[in-house]
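Notes to accompany the following structure.
Order of writing sets the labels: A, B and C. Residues in every chain begin at 1.
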């Protein structure tokens, strides 16, 4: 019988491989804030824009939701994490900005400075 | 409780007290009386009013002495300048949200808040502002609810749920808008309120009072066309003295008879007579069921609050309930038939007034199934409290009046009829008669001690001709709930069950005199004294068994025939039906 | 910010003492030497919680943590790591602490620099609806460790040793609570999570549950193991539908993975959880009221003792902790009480989450080590007061707390210092107030809240707060009387000391603290009929200035025709007619109407 501690480590390894299976190691990861406050600020629509883009062929992007990181006055927030680069956090993202982020950042690799939260 | 002795300091003096008690209990032992309001020894600790606060050394805030346990070495201050002001301010805050109509209030002179305000030394007001205002609930036949006078001590809520198990009352809304009400603020008449009136007994103010029928009675007493007939319940005579400053437990039946005649009654009868009559009917009913093997157990039906409780929560036990009417309704039925015939009067011209220790009897009197020949049997019910006030109002010197006797033919009673007013009394009275009817022998040792006393549920065994009878007695509806659950579980467990709706039986009824400045509501010592008055009355009588009452015998001879005769069934028995609480659809739903 | 490298130097007290500032100077010189200044940012952060390994430098991207550095190490880091792109394994800290996840993503932003995310370590990092995400970040390892390597007594001892105190507000030592509950014999026992967050403007618990629900589940399971309970209940307000959905899903997922239920992870320990919804009464955050509410009774507090640890839910021993307290538990178990004790102050260990709101640039949810000063929170994390306005006060502890003025800004955040300053830690509400707010009005706002939310059981709270509110209302309406301040203080002090529960005992705090710190404002309202912040309508006079162009807009909206004036002429308000409704002020496009 494995100990509970051994079991949980096994479970972790399985979880990690499932996450990787979902494309976690894609070159770009996008996180959309989906707490009540973010949703109230409009993040559901933003999420929808990204979801659509992914389904329409943005295959190298791993899309996920996340909880509240605390930036109340800048919500909705979207993070773009690229391997080997500092994470980029965009604030006050609406559907237009989301579209722009997809076109310019995700497709062309251009960071849209004026929306970045520092 | 822990028997260990500990040392505490109260106001710089050391005392040795029992461990395991509250500061208030310990202080009581040491000669202090910390002011208090929501506290009641029979109810759970609420800690709500904050009048009994004390300062315990080392604690930042005051603690409620009713709730906080003593500990060895504890230093307690009960009377510092700061505490006195805080306590004073707390009581003033209660007054600020209380109608200032003391001089026209039912409880004027007998109000705990008034007494407290006086003793706190509130002579000026600092914080007056908005006051709450709600409508009175006048819907009930028995109890009036006046939320304006409520100070939210929660005693009625706890009484109704913890002692009576009815859970009709609760606090609703928040903060300043908090108010005690039945669920959804339904009119009382449409709720599960059993009209027992215990909320009135424990209310420190006049937030609960009985529906007052004294004006109506005074009016009718002036009607020359009416024949005014009174009946007086056993427990009224044991308690009415308290309304005139006498200690509890004085039998005042002679004074009551004399008073009622001076008030304008033509005949004054004794409900103890009809208690004897009840025993004849109920005892016979019991024997009949015993021989026919059921349905048993037989459960008594004298208590009106209990009957409503049963119809609401235990309709599955209706077949076990004695069909015999209560002594009050039997007396009223006889007044409007047998007696009316005897004096050759039109029963419609008879005003039948019952003086009762009970608020629920006001409700019972209004039940249509108790009508006799299309007439209300009991026209007016007056509580002990109301009688006290009427006597004073009519200018009658109750204390020094020369005692008089009850009138015939419904005035003579046995000792068994007297003890009806105490828990266990109906059972004891029934055994005295049933034993003789069953065995043909006279029961010699007639005082059944196992059925006496104030234990919540009492069980006893009696052997009749080799037949063992298992008996149970419950007083207070919460205790009744316990016994009835036993019955539900095992119908063969008991043969006979007595239930009284109020703690102590009728002597603790919802219509009895208010506690005085030096006592507390439903104080057990007070109940014991009232009980001993009735037991004393029993002992003084030469006739102590109902069936030996010559006037009862005459009634059967001249009018009813025999117990359970057709005429008896018509006039002395009734029936009950399920009255499920609102929202409850199945009678099988158990009360938890 | 497109710098190639972003470097963080820990600026916590301990690192400062071991020479962090000198390191920074050396670092900047080295960057200059290699021409990297333009491509690199260097920022200072608050305590990173690795005080024993200070000074600390973090290099991003990649989140390389360098510890125990000396000045001599700096040239090597710059040359090898920054120039050649080869991190130096010898100097890097390999430890994997639960709490430090957050900085991999957020450690470089100004807003997060002074924060330390322990309970919120996964919030904003993981997908809260994915148990895989949680598992991948060592989720449920603390629970596994507890049931594998520790006895229940050891878990209790660890929590006790950590110095963790209740995060719901009162700060009662958590370990003591656990010990009392564990000491009770017999079953069942209950474990409750108090998620009945009710302070106006506070959303710490909601965010924590929405962002990382499994942490609560894991914390409670550990609590159940420690005190001998197999039943956990999360009492959460019905107004938090998303949090409810996520914690419900978390419980279901945990159950499906064998992390809740019978024989967890093959051990002898069984534990399951359910959700109970609160109807939104503020007082149900008080533990005895909460228990009554779960039992199906009206949510009203009762006197203590007996405490819930002895006689709680359904009369059984009950361990009840706040959301944030529970969230600390897995960290304490996994990273150890010794580590936990390194964060915070002497009497208050660990971190505290605050909902930072009001007149501050960065409003938001923050978590800082205990001992961080109010000034650091407001100016470093919060970014200061917007619009060039002057700071006036900071309100902590929500409606139970107090308002602290400028002179208390250097008060370190911990239970005892805040209490000494005249406020409380509370559950984490923090509202920054600038010169545009009236302190009497603020006090009135909070008292109105507590007065409405009083359960109505005890006299001081039910009746006393009402009278206080009446007095405050008349003061703000310009009807204040001499002696009113004394009355407020007399009532307030009585209510504090005589009320049944914490709600009543703390309800007067906003009033008493503003009287103490802003007495002059009260006096101006009462005696001079003046509100210096021009908030109290009845004490404000509207006047039309020379900026008026005579457009007539104000004249048209005035409901009592108090404004007169012709076209292109300066209008005038008839002060006798004016009812101070403020319509003209709102309508004027030329800022020509002044409140005086």
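As a convention for this text, a residue touches a chain if its C-beta (ideal position, glycine included) is under 8 Å from a C-beta of that chain, and two chains touch if they have at least 3 such contacts.
Please read these numbers as outputs of a predicted model, since none were measured by experiment.
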Going by CA means, which chain is nearest the middle of everything shown?
C
Chain centres computed over CA atoms; the one at greatest distance from chain C is chain B
How big is the gap, in whole Å, between where the Cα atoms of chain B centre and where those of chain C centre?
55
How far is the middle of chain A from the middle of chain C, if each middle is the mean of its Cα atoms, in Å?
26
What whole-Å value do you get for the distance between chain A and chain B if each is reduced to the mean of its CA atoms?
71
If we count contacts the way the header does, which residues on chain B are in touch with chain C in the complex?
45-51, 53, 60-64, 67-69, 85-86, 89-90, 93-94, 96-97, 126-127, 129-130, 151-152, 154, 170-171, 173-178
Chain A contacts chain C in the complex at 1-5, 7-9, 11-12, 14-16, 18-19, 33, 35-37, 39, 64-73, 79, 81, 84-87, 89, 111, 113, 116-118
For chain C, which residues count as touching chain A in their complex?
1-2, 6, 60-62, 105-106, 108-111, 120, 122-133, 135-136, 138-141, 143-145, 147-149, 203, 206-207, 210-212, 240-243, 257, 264-267, 357, 361-367
Seen from chain C, its contact residues with chain B in the complex are 281, 283, 298, 300, 302-303, 305, 451-467, 470, 487, 490-491, 494, 496-500, 505
